[in-house]
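Supplied in structure tokens, the structure appears directly below.
Letters are used for the chains, namely A, B, C, D and E, taken in the order the chains are written, and counting of residues starts over at 1 for each.
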Amino acid sequence: GSAAPAGSAAATPAGGAERAKEVTVFAAASLTGAFTALGQHFEAAHPGTSVKFNFGSSATLAQQIAQGAPADVFAAASPATMKTVTDASLASSPTTFVRNKLQIAVPSDNPAKVDELKDLADPKVKVALCAEQVPCGAAAVKALGAAGLKVKPVTLEQDVKATLTKVELGEVDAALVYRTDVIASAGKVQGIAFPEADKAINDYPIAALAKAPAGELAQQFVGLVLSPQGRDVLTKAGFEAP
Amino acid sequence: MTLHARLVVTRPAFTLDLDLDVAAGEVVALLGPNGAGKTTALRALAGLVPLSEGEIVLDGHPMHTLAPEQRPIGMVFQDYLLFPHLSALDNVAFGPRCQGASKAEARRTAAALLERVGLADRAAARPRQLSGGQAQRVALARALAVRPDLLLLDEPLAALDAHTRLGVRSELRRHLADFGGATVLVTHDPLDAMVLADRLVVIEDGAIVQQGAPAEVARHPRTDYVARLVGLNLYRGLADGPRVKVGELLISTSERLEGAAFVAFPPAAVALYRSRPDGSPRNLWEARIDGIERHGDNVRVHLEGPVTAFADITPAALAELDLAPGQTIWASVKATETHAYPA
Amino acid sequence: MGAATEHHRTAPARPPWVLLVPALAGLAFLVLPLAGLLVRAPWSTLPARLAEPYVLEALRLSLVTATIATAMSLLLGVPLAWLLARTDFPGRRLVRALVTVPLVLPPVVGGVALLLVLGRRGLVGQWLESAFGITLPFTTAGVVVAEAFVAMPFLVISVEGALRAADRRYEEAAATLGASRWTVFRRVTLPMVMPGVVAGAVLCWARALGEFGATITFAGNFPGTTRTMPLAVYLALETEPEAAIVLSLVLLAVSVVILASLRDRWVSAP
Amino acid sequence: MGAATEHHRTAPARPPWVLLVPALAGLAFLVLPLAGLLVRAPWSTLPARLAEPYVLEALRLSLVTATIATAMSLLLGVPLAWLLARTDFPGRRLVRALVTVPLVLPPVVGGVALLLVLGRRGLVGQWLESAFGITLPFTTAGVVVAEAFVAMPFLVISVEGALRAADRRYEEAAATLGASRWTVFRRVTLPMVMPGVVAGAVLCWARALGEFGATITFAGNFPGTTRTMPLAVYLALETEPEAAIVLSLVLLAVSVVILASLRDRWVSAP
Amino acid sequence: MTLHARLVVTRPAFTLDLDLDVAAGEVVALLGPNGAGKTTALRALAGLVPLSEGEIVLDGHPMHTLAPEQRPIGMVFQDYLLFPHLSALDNVAFGPRCQGASKAEARRTAAALLERVGLADRAAARPRQLSGGQAQRVALARALAVRPDLLLLDEPLAALDAHTRLGVRSELRRHLADFGGATVLVTHDPLDAMVLADRLVVIEDGAIVQQGAPAEVARHPRTDYVARLVGLNLYRGLADGPRVKVGELLISTSERLEGAAFVAFPPAAVALYRSRPDGSPRNLWEARIDGIERHGDNVRVHLEGPVTAFADITPAALAELDLAPGQTIWASVKATETHAYPA
């Protein structure tokens, strides 16, 4: 993608701000595909600039920003992680740029014959959910609550990708994951939409950081994400407009 | 328990090639200068060094195809190799345990053996808490504890003090007499060899240079090393009746021989004179003093000249002659004190 | 000059600076981050957080699984180290390098690899389930397997190093006393390399205790059965970093106490 | 009886079953999951994926940082191991247990701890920045620091084990020859425990190579500067799991080749 | 380079308490049975074992406060302790290197020393490739290479063969004569002690039991151990004019003494008879044969009775008397062969 040669990049993104124009974006790992594409668009639109991404878990990124990481833009996978950054007055007025909706994921051969949410309550069906502490887990709790279902999962995964892996490998018969993940799995899992998903929608907020070394460019990147072009890329990846 | 072995071990700078036969109950002492291959021979017998060629047959059964632990041997190593993590008692009990004895039984055997080598009170000590001599006695007890058919001893008495040595030596003799196995013993001490061995095998540079009964070897040494070992001056020359020509020197002897021959005489038989004496001794030569050292109650004088020789004289004689290294002197030996035999 | 007071120490035993300085630097490097955690720890709320039952549950599970994984690693790993150090077979160098695979593999990938082999549809797992009805994923046994997979190489490699450094002549001496190779191993080799085995076991136990990626991937995360401390820490990190620090400190404190009290006892023996 | 053909081997050297069976079981346990990965790997697309420049970049970065981290660990860790094994000071047991802290700490928490101490606002980092203008987080140097922090304890503990197993009387002999403690260390102790040091360095290098949590937390995940292979694997898992397997296999293959070719050379010396 | 030391080392089951003075250029041999504390004393001098009490003063400077590497010593260990990872040459060059010599210089020194101990051709060998005797010679060269003020030798010649021993022994003597330092030598070999040492210090169980010039000690042994070492029978008794009462037995001597006294006589002076003889020897007693062993060309008979004694007789006499262990016999010693001195 934006590969600057390793040597010149040894200067920290912060130090490089005046010389080469550089935007450093801290983004949730689930945005990897879409944001990498957007980065290329941005570089094309602003010749002479480069976009550097730091993908990771939203919580880790928030920690790093709190510890003084030289970030320009933060795109989180949950409002809660964004809140830790805004609470520390490191950013103000985040904007929700996409939302993500849950689906039931089942292995492509669907061995447990799952086709609606209440099938997950069957004790013979092995279900994986995300842990409550991570956004997809919180959403799952909400959705199941809305449906009035008691599901006993075999595992509470640390992130949605791990949950999806369990389905892909057939270790569980069903899981609640995001639509984007089902799309990214390229047919290895089947996604089943369910109505209660609307009650548990996860918002992705984005903000330019207060002390952004790249200054103006940070705002411009946020602008690109919020622009129709940005929305287009993101919806192709399975995200929904807010 | 007859041992018949041909041991060939080839190393870059050294070759061992040895025929060794030890009868049941016989004790063979392997003697030789440092680096002659004595330890290598023992290790080959134990299976710790692979044979390049040859065979080891114990009582008609080939043994060289067996792993070391399958050979009915007991071995005392030159540097003991006591297990550092086991007490003296458990070191000795190790072998019997391996042979299937119960723990109590093995310890009983071990305690008895430690008692025999005089270390009953050190049974609980770790090897590092033992003195050198104590460690070697434990190693001896450990090797005896397996009741081997073939006992291999690499300088088993070297670190023992005179007193203990006497006791352990007799004990060892008694033990060797007890069991019908073959014993190969490496030692540097001629006394140990004489007392313990039925036969001496002298090796130099990997090959046998002389073997025979101790007294026979002592009387008729065939190499310098053996001669020094038994404390004789030895020369090889050409005999013609009662004389043997050694280099420039004609040595008169009491025997009459023809052809290649050895002549030997003890250092004590060499008399020294400041000026050329005028007496009966037929063998007289001029020599330079190369060194003087005390030797027991006497003094040993190293002589260079037509032949290299040692002379033992009393301290009184030394004082009287006022000898010093570098000095030239006359040496003589009576023909009756020399001993000649075919080479 | 009698120096009557100094009799009892002979060597003044001051370590040389050239060793002492890097040693202390190294120590500071390893220990300072801990200080950072201690400074950041929310001491006031600590007792309350510790009282929560899930902490004790996760801690207990961590200690039990790490200990079982270490025992399993000792059982399989010490013989493997012996095989690598004491026998000669074609391809030994390759096998030795392969042993380091689980070290290099990112733990999450390690977990995926374990699933591919021991999972419900895995190469071996499939057969384990149909033949014995055993499924490892999502069970405490699965946690042990994941931890052992990640931690065993540490044991194997450090024990192999110790075996190579040991003086083999003692093994020869044991062989002449009629000891089979197994007896030699058990009664001579093993006791003599015990410090190396203990060091390896410590590494293995500590690594198993801190193991996260492979465990959550292979065994999942369910309170009581598979949620070990590192998993609890990771999840706490997502929402309340303070709680994560507390949990980490608990894990650390317990492991430091256990290691400090056990090790000298094991090590001082030989 | 002559067995003329068998002359050249003396001991048949068959390893005992009681060791061979667990050793092979252990080996299978460690190597089988790798087989699982190999089976699942998308062989057809493999060449194309390998050709992508970021793979080479991440691989190079991983190898370089792991090697520097190992060098740094050797420099600081071997003296520390010596201090723990050869000197006696109050609290030594505690210090030794503290060295295991980075092992037990979940790596992500380790990364947080490093940020707390060496970050721009950290206890030491603050001062480093103002005094020297050095910032470690989000730089390649930060990757090295994170890897060293996580991997050094492996070196320290296995070297300490080797030092404890070594025969100290050789050090005494060197002292009588006038060797200072530093000379003794350099010319006697170190060469004699070399197999243990090599084993420790291998562990350390492999652990550094596979390090993920502390690196991503402390150094971030920037292509070219801090994105090592395990981080690339993590990201690939987000987008195309197949690619993750390929990347893991590349990392493995390279490390196995390096270890297989280097180790015997180092180890055979003493 | 005068050494003055008081060494006190306390162990659970053993205490060493020794006053040791060695003059410049003097060689003191430390003798004693296994476990007497000889190695412990050397290690205390070297600083490898802490003193419980006492002091070590070399040439007026206290040395016991120094670390081992700061003491100007050279030491040969009983089990060599050659560095296994260095060649023989580099082992010897180790000390000079530590003293600041350049690599080339140190190697030159080392090569010269290896030459002297006759191992020039094994310079490149690793210790494990050396035979036991070769290893000990390298250890000797290594200790000499540091040109110490105080040389500590723990059985430096024990593993050497008779021939090499002679050479190394003279070489060692020459070297000891060369430098003005003090030397403490542990040995079990009375011959080594006699040849090399100016003074013998005999310790038993951690304490000095006798010291003096070798000839003096040999002539007047004061303990059983010393007597055996020098090959004498020794008894302690109460003298009353020309007789000494030892237990039940009254031994006539050629000296006249009063009070506590020692009596000594060589085994060769003991004559044996099957029945009570009727002759001049005044000292006659009935004894039981406890053991018989070869001893050089002669046979040594162990006797139990009112006193324990050894008798050396010729093999011919043995055959004639037809002796066997367990038998009762008469033993006699002429008064002129005995030697009495105050205890």
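By definition in this document, a residue touches a chain if its C-beta (ideal position, glycine included) is under 8 Å from a C-beta of that chain, and two chains touch if they have at least 3 such contacts.
Everything quoted here is computed from the prediction, not taken from an experiment.
Colleague: Taking each chain's centre as the mean of its Cα atoms, which chain lies farthest from chain E?
Modeller: It is A whose centre lies farthest from that of chain E.
Colleague: Could you tell me which pair, D-E or A-D, is linked by more C-beta pairs in contact?
Modeller: Spelling it out, more C-beta pairs touch across A-D than across the other pair.
Colleague: Report the chain whose mean Cα position is at the greatest distance from that of chain B.
Modeller: A
Colleague: Distance from the CA centroid of chain B to that of chain E, rounded to the nearest Å?
Modeller: That gives a centre separation of 20 Å.
Colleague: Please work out the Cα centroid separation of chain D and chain E, and write it as a whole number of Å.
Modeller: Using C-alpha averages as centres, the distance is 54 Å.
Colleague: Would you mind pulling out the distance in Å between where the CA atoms of chain A average out and where those of chain C do?
Modeller: Each chain reduced to its C-alpha mean, chain A and chain C end up 34 Å apart.
Colleague: Quick check: how many Å separate the C-alpha centres of chain A and chain E?
Modeller: Comparing mean C-alpha positions, chain E is 86 Å from chain A.
Colleague: Counting only residues that touch at least two other chains, what does the list for chain E look like?
Modeller: 47, 67-68, in rising order.
Colleague: Could you say which residues in chain D touch two or more other chains, in rising order?
Modeller: In chain D, the residues touching two or more other chains are 13, 108, 112, 115-116, 122, 180-181, 192, 194, 234, 237, 241, 270.
Colleague: Would you give the residues of chain A that are in contact with at least 2 other chains, written as numbers and ranges?
Modeller: 60, 63, 165 - these are the residues of chain A that touch more than one other chain.
Colleague: Within the complex, which stretch of chain D touches chain E?
Modeller: Chain D reaches chain E through residues 169-170, 172-181, 183-184, 187-188, 191-192, 194, 269-270.
Colleague: Using the touch rule from the top, collect the residues of chain D that touch chain A in their complex.
Modeller: Within the complex, chain D touches chain A at residues 53-54, 57, 60-61, 108, 111-112, 115-116, 119-122, 135, 137-140, 216-217, 220-225, 234-235, 237-241.
Colleague: Note which residues of chain C are touching chain D in the complex, please.
Modeller: So the residues of chain C touching chain D come out as 13, 15-16, 18-23, 25-27, 29-37, 39-40, 75-77, 79-80, 82-83, 86-87, 93-110, 112-118, 122-124, 148-149, 152-154, 156-158, 160-162, 164-167, 180-182, 185, 192-200, 202-203, 206-207, 209-210, 212-213, 229-230, 233-234, 237, 241, 244-245, 248, 251-252, 255-257, 259-260, 263-264, 267, 270.
Colleague: Spell out the part of chain B that touches chain C in their complex, as residue ranges.
Modeller: So the residues of chain B touching chain C come out as 46-48, 67-69, 71, 73-75, 77, 81, 83-86, 94-95, 97-99, 142-143, 146, 152.
Colleague: Okay, in this complex, where on chain A does chain D touch?
Modeller: Interface residues on chain A, with respect to chain D: 1-6, 9-10, 12-13, 29-30, 32-33, 52-56, 60, 63-64, 67-70, 161, 165, 168, 184-186.
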